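In what follows, chain A forms one complex with chain B and a second complex with chain C.
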Partner chain A sequence: MSKKYILGVFNDEATLVDAFEKIKAKGILPTEVYTPYPIHEILEGMGKKTRITHAAFFYGLFAAVGILSFLTYAAVIDWPLHYGGKPFNAFPSFIVVTIVATILSITLLTLFTFSARAKIFPGKKAEIFHERATDDKFVIVLDTENLGDNAKAVEEIIREHGEVE
Partner chain B sequence: MEERVVLSKKFKLLTYVLIGIGVLSFALGFVFDAKRTWANYLLNNYYFVSLAVGAAFFGAIQYITQSGWSAMFKRVPEALASYFPYAAGFFVLMYFGMHSIYEWTHDEVVQHDHLLQFKSPYLNIPFFFIRVVVFFALWIIMSRLLRKLSLQEDEHGGMEYFKKSERYSKIFIFIIAFSFSLFGVDMLMSLEPHWYSTLFAGKSFIAGLLHASSIMALIVILLSKQGYYKQLNGSHLHDFTRYIFMASIVWGYFNFAEFMLIWYGNIPEETMWFVKRWEGTYKILFFANIILNWAVPFLVLMPRKSSRSKMIILPVVLLLIIGQYTELYYIIWPATVHEAKFGLLEIGTFLGYAGLFAWVVGTALTKASLVPKNHPYLQESIHHHF
Partner chain C sequence: MYNSKVRGKLIEGDKSLGQISQEILAPIHRKKPPLWWYAALLVSLSMFGFGLYAKYVTISTGIGTWGVNNSIAWGWAIINFVWWIGIGHAGTAFSIFLLILRQKWRTAINRAAEAMTVVAVFCASLFPLLHMGRPWLFFWIFPYPNTRGPLWVNFNSPLFWDFVAISAYLLISASFWYFGMVPDFATIRDTAKSKVKKAVYGFFSFGWTGSSKEWLRFEGLSFVLGGIAAVLVVSVHSIVSTDFAVSVKPGWHTTIFPPYFVVGAIFSGFAMVLTLVITMRGLYKMNDFITDSHVDAVCRILIFISLIMGTAYVTEVFMAWYSANDYEFSLFFRTRLFGEYAFQFWAMFIANAVIPQLFWFKAVRRRMWVVFIISIIINIGMWFERFNIVVTSLSRDYLPSAWASYSPTWVEIAFFTGTIGMFITGVLLFFRYIPMIAISELKSVAKFDKPNNGQLKSTGHE
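Showing the complex of A and B:
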C-alpha cells in the first residue's frame, strides 16, 4: 500500500453528492465511493453501468430451458415411468421444479459472476480505507497521483461539508 | 397548483355514442337471446366493478404505505372508485336475470341435488342479494369517506386528514379483501355450484388489482398526452409498471397453482371445471389468458427502459384490458352459454359499458383539482426520481 489517498468523509447523501459533483466538475474521477445504500447520481457519475441484470436474465433463461429439457429427457424419453396415472409428459409438474431450480441457478451463477468481476474471493485481504465506510458514513476515495495540482482544491471542496483524512 | 380536467366535447360525444351502442345491443340481445345477454351483463358488470375495487385497494395501499410517488395521481383511483354506485345499481338489477345464469336458483334442480341442498343456506336468492347490498354499501361508504377526506385536505391542509385517511384505509383493505373474495365466489364461482376452488377468490382479487393498475397507468398516460400531469416522469411510470408487473406475477402464480393442484390431485369434482374448458375455443383461451395476463407483462416490462416508456406501456396495457375480458369469458361462458359464441352482442355490450365507465371516471376527474393540493407527500411525488 504505497499509494497515497485522500479520503472525504460525509454524514449524509446531499453533501456527498454535492461534493462529488464539484470534484467531477474539476475533471477528476474519484477512485471509489462508499455509500451505505446505492445512490443514483454516484452510480451514473462514476460511469459504471451494471450488466449483471442482463447476465442474470440469461442465466435464468438457460437454466429454465436446460432444466426443462433435462426433465423431459429423463422422465419422457430415456426412462418413462407411470406415476399416479399421469401421462409420461407430465408438463405441469415439471414447472415447479424448474422454477425452484432456476432461482437457485440464477442466485449461484450471479454470485460467482459478481465475485469474479469484483475480484473477490475467499481469504482475500480486505482493503479498508475508512473504518466506517461500510457503516453509516459516505466516503469518497481519491488517488493522490491522479490529482496532481488539484489536491488543494479538492481538499477544500471536501472540507466544505465533510472532513479530510 | 389548481389544475382541472376539462372533458372535450368529442370525448363526451364518444361516451354517449358508446353508451347508445351498449343500450341498443342489450335491447336487441334481450329480444333474441336473453340467456347470452344476461351472461354478457354479468361479465361486464363484474369486469368494471373489479377495476373499481382494484383501484380503491390501490388507493388505500398508498395511504397505508405512506407512498410518496403516487400522491400526485391519487385522484385517478378516487375517480375509478366513483363507479361503485352505478355498479351497485347494475348488480341489483341482475335479480331479473338470476334464473338465466345461476343453476342453483332453480328449485326443481335443487330438489334433486343433495350438494345444492347442502349449500342452499348460503346460495339462495335473498341472502345473495343481501350480500350484494352489504358489500356495495361498505365499498361506497368507505370510498366516499376517503374521497371526502381527500377533498377536505385540498381545502384546509394539515396532517390530520392524511392520518385519518391512513386509519380508514387500514380498515378498508380488510373490508375489500374479505368482501371482494366472497363477491368473486358469489358471482363467478357459483355459476358452477358443484365446483369449488380455494384459490379462486385470491385469483379474482389479484386480477382486479392487476387490471385496475393497468387502467390507471392508461388513464395517467392519456391525461399526460392531453397536456395534464406535466411533472410525470419515467420514475412515476416505472412505479406504475411495477404494480402491473408484481400483480401479473402473482396472478400467474395463482393461476398456475390452481390448475396444477387440480390437475395433480385429479379429483373428478374439481377437474370437471377444467375438462369443460379444455376443448375448442376454450383451450385457446386458456393459453391466451396466460400469455396476455402473465407472459406479455412479465417479459416486456422486465427491462428498466421499457418500463419507463409510454410507447411500450400502452400496448401492454391494452393487451391486459383484453386479458381481463378473455379471463372472465373463459370463466362465465362455459357455465352459462356453453358454446363459445362471440359476436356483435359481446362487442356492443362491452363498448356500452366502456363508454359509461369512461364517462363516470371522466366526470369524477373534473370534479376536483387533478393534482391534489396540501397533500403531505405532494412535493416528494413531483420530484420523484430513482
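Showing the complex of A and C:
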C-alpha cells in the first residue's frame, strides 16, 4: 500500500460508535469503517446514501408496464385466440403474471445493481485491512494524510477503548 | 428495539462475538464430518438413486407406469408437488414476514428455513415437470417467439400462472438466501485455516469485507427484497390454489381456497422448520442459539395456525351442506367424511387440527422429542390434506360413469421417496458446508442481551 493508514480496532459496537462520533467531532471523516454487522450510526455518520430503493422502484415500474404490454400484444394483437368465450383482452387474468414477473424482475435487476455498485461479484479478491473485521472486531480506517495536526488527538480517542494498529 | 422480557434471551450463555462465529462455524471448520453424517448421506443418496430410477422408468416407458387414470389424472405427483411447495413456504414466511414484523428471534432460524425452502421448491418442481408426460418439451410453456405461429401460451390458464409463480419463487428465494450468506462466507474465509477453504469461500464471498459502503447497500437491498418478496408469501400458494379453484369440480370450486392454501403452506413449512431446528439442536448442540424460547415461539404460532386450519376444514364441510349443492354434499358426506376416503380425511383432521392443540400445554412445548414428533405428524397430516383435495374431488365427479378409484404404483412411491432423499441430501450438505445460522444477523442482535453496552451508548448520543 502506498498510502499510510491508521487502524482503530475496537471490541464492541458501543465503543466503536463512541470513538467514531468523537473523531467526527474533530472534523475528520474516516476513510472507511469495517464491521461484522451493519451499524446504523456508522452508516448514517459516513454520510453516504444509497439510491438502490429508487432504482428498484423504476425497475418495477418499467417491468410492470413492459410485461403487461407484452401479454396484451401477444393475446390481443399478435395471435388472438378464443378461450372459453372470454374477451381477448382478459385483463384481470393478466394481472397475476404481471405481479409475479415484476417481482422477479425487480429482484434480479436490484441484485445486479447491488453487485455492480457495491463491487461485490464472484471471485473478487477482498481488500482486507483487518482479518477479524468479519469476525469480532470493529475497525476504523483513517488516512494519515487527512489527519494533519489532529493525529495525536485521534490516537488518544481510539486508545480510550480500542487499539491502534 | 428488543426490550421485551416475554421471550427471554436471544442467545444463551453470554457469548462474545468471536465465540458466536466460532461455534456456528465449528461444523464447517472441522476436518471431517462425524460418522453419522456419512451414514445419513449414504441412506439419502440411495433414496435419491431409487427416485432417479423411477424417473428413468417414467421417461423411458411413459406416464402409464403411474397409477393415474382418465378421471384421476393428478394423483401423487400433484399431491407431492403441493406438499413440497407448502414446505417451501417456511423460508419466506420466516425471513420476510418476521423481518417486516421486526421479530428479532427470527435471526437464529431464518437461514435454515431459507435453505429448506430452496431444496423443497426444487423437489416440488420435478413433479409437474415429469407429470407433463413429455418433459423434454417443457420449454413450450415459456412464452417465446416460436415457429408455431408464433403461438403464445394461454395467459388465462392457472397452470401457466403456476409455472411463472414457481420459477420466480425458486429464483427469488435462492438469491435472497445466497446474498444473506455472502457476509458469512467472508467470515469463513477470514477464519479458515486450510488454504482450499480460504480459496473456495473467498470465491463465494464475492470479495466482501464488511465496509460501511457494502453494508449500506446491503441494507438497502434487504429492504427492497424483503418488501417485495413479502408479496410472494401470499401469492405463490394462492396461485397454486387457483389450479384447483378455477376449475368446476365439486370440492375445488370455492373461494376459500387461496387463504386456505396459504395458511396450510405456512403451517407445514413451520412444522418442517421445527423438525429441522430440533435436529440441529440435537446433532450440533445449537441450543444456545436456537433456545427453548425459540422453539416455544414456533409452537405458539402453530397453535394459532392449527386453529385456522380447523376452522377452514369445518367451513368447507358446513358450506357443502349449507349451499344445498347436491354434488358438493355428496362429495363431502359420502366420499370424504364417511366413504372410500374417510381414513385420509380423518387423518388430516386429527393431525392438523387436533394434535397441534397439545401445544397449549407448556409441558409439551418444553419436551423437545414431543415437539419433534408432533412436527412430523403435522407434515404427514398436511400430506393427507393434499390427498383429500386432489384425489377425492377427481374420483367423484358429476357423472357416475366417470367415477374412479386411485392407488399409486411403485414408480410414484419411488419418485416421492427420491425427492425425500434429495431433500435430506440437501439438508446434510447444508449442515456441512454452509453456516446453518446467519452469523452476521445473530451478532447484530447479540447486544440486546447485554445491558452494559446499552448504557455506554446512551451517554454518547441520541
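What to note about this one:
In the analysis below, the second predicted complex is superposed on the first by the 154 of 165 C-alpha atoms of A that agree within 3 Å, B and C clash if a C-alpha of one lies under 4 Å from a C-alpha of the other, contacts with A are read in each partner's own complex, and residues count from 1 in each chain.
Quick note on the criterion: a residue touches a chain if its C-beta (ideal position, glycine included) is under 8 Å from a C-beta of that chain, and two chains touch if they have at least 3 such contacts.
The structure displayed is predicted, hence computed values, not measured ones.
In the superposition on chain A, A:Gly85 makes contact with chain B only, while chain C stays out of contact range. Contact with neither chain B nor chain C is seen for A:Glu156 once the two complexes are overlaid on the shared chain. Once the two structures are superposed, chain B and chain C can be ranked by residues of chain A touched, with C on top. Touch criterion met: A:Asp136 reaches chain C, while chain B stays clear of it. Of the two partner chains, chain B and chain C are each touched by A:Val96.
Within the superposed three-chain model, A:Phe114 lies in touch with chain C and out of touch with chain B [touch as defined at top]. On chain A, the patch touched by chain B and the patch touched by chain C overlap at residues 53, 86, 93, 96.
By the touch rule above, chain B contacts chain A in their complex via residues 256, 259-260, 263-264, 266, 302, 304, 385-386. Chain A contributes residues 40, 53, 57, 84-86, 92-93, 95-96 to its touches with chain B in the complex. Contacts from chain C toward chain A in the complex involve residues 16-18, 20-21, 143, 149-152, 154-157, 160-161, 164-165, 167-168, 171-172, 175-176, 179, 182-183, 186-187, 189-191, 202-221, 223-225, 228-229, 231-232, 235, 239, 242, 439-441, 443-444, 447, 453-454, 456-457, 460-461.
Chain contact summary for the complex, chain A toward chain C: residues 12-15, 17-18, 21, 32-39, 41-43, 46, 48-50, 52-53, 56, 60, 70-71, 74-75, 78-79, 81, 83, 86, 90, 93-94, 96-97, 99-101, 103-104, 106-108, 110-111, 114-115, 117-129, 131-136.
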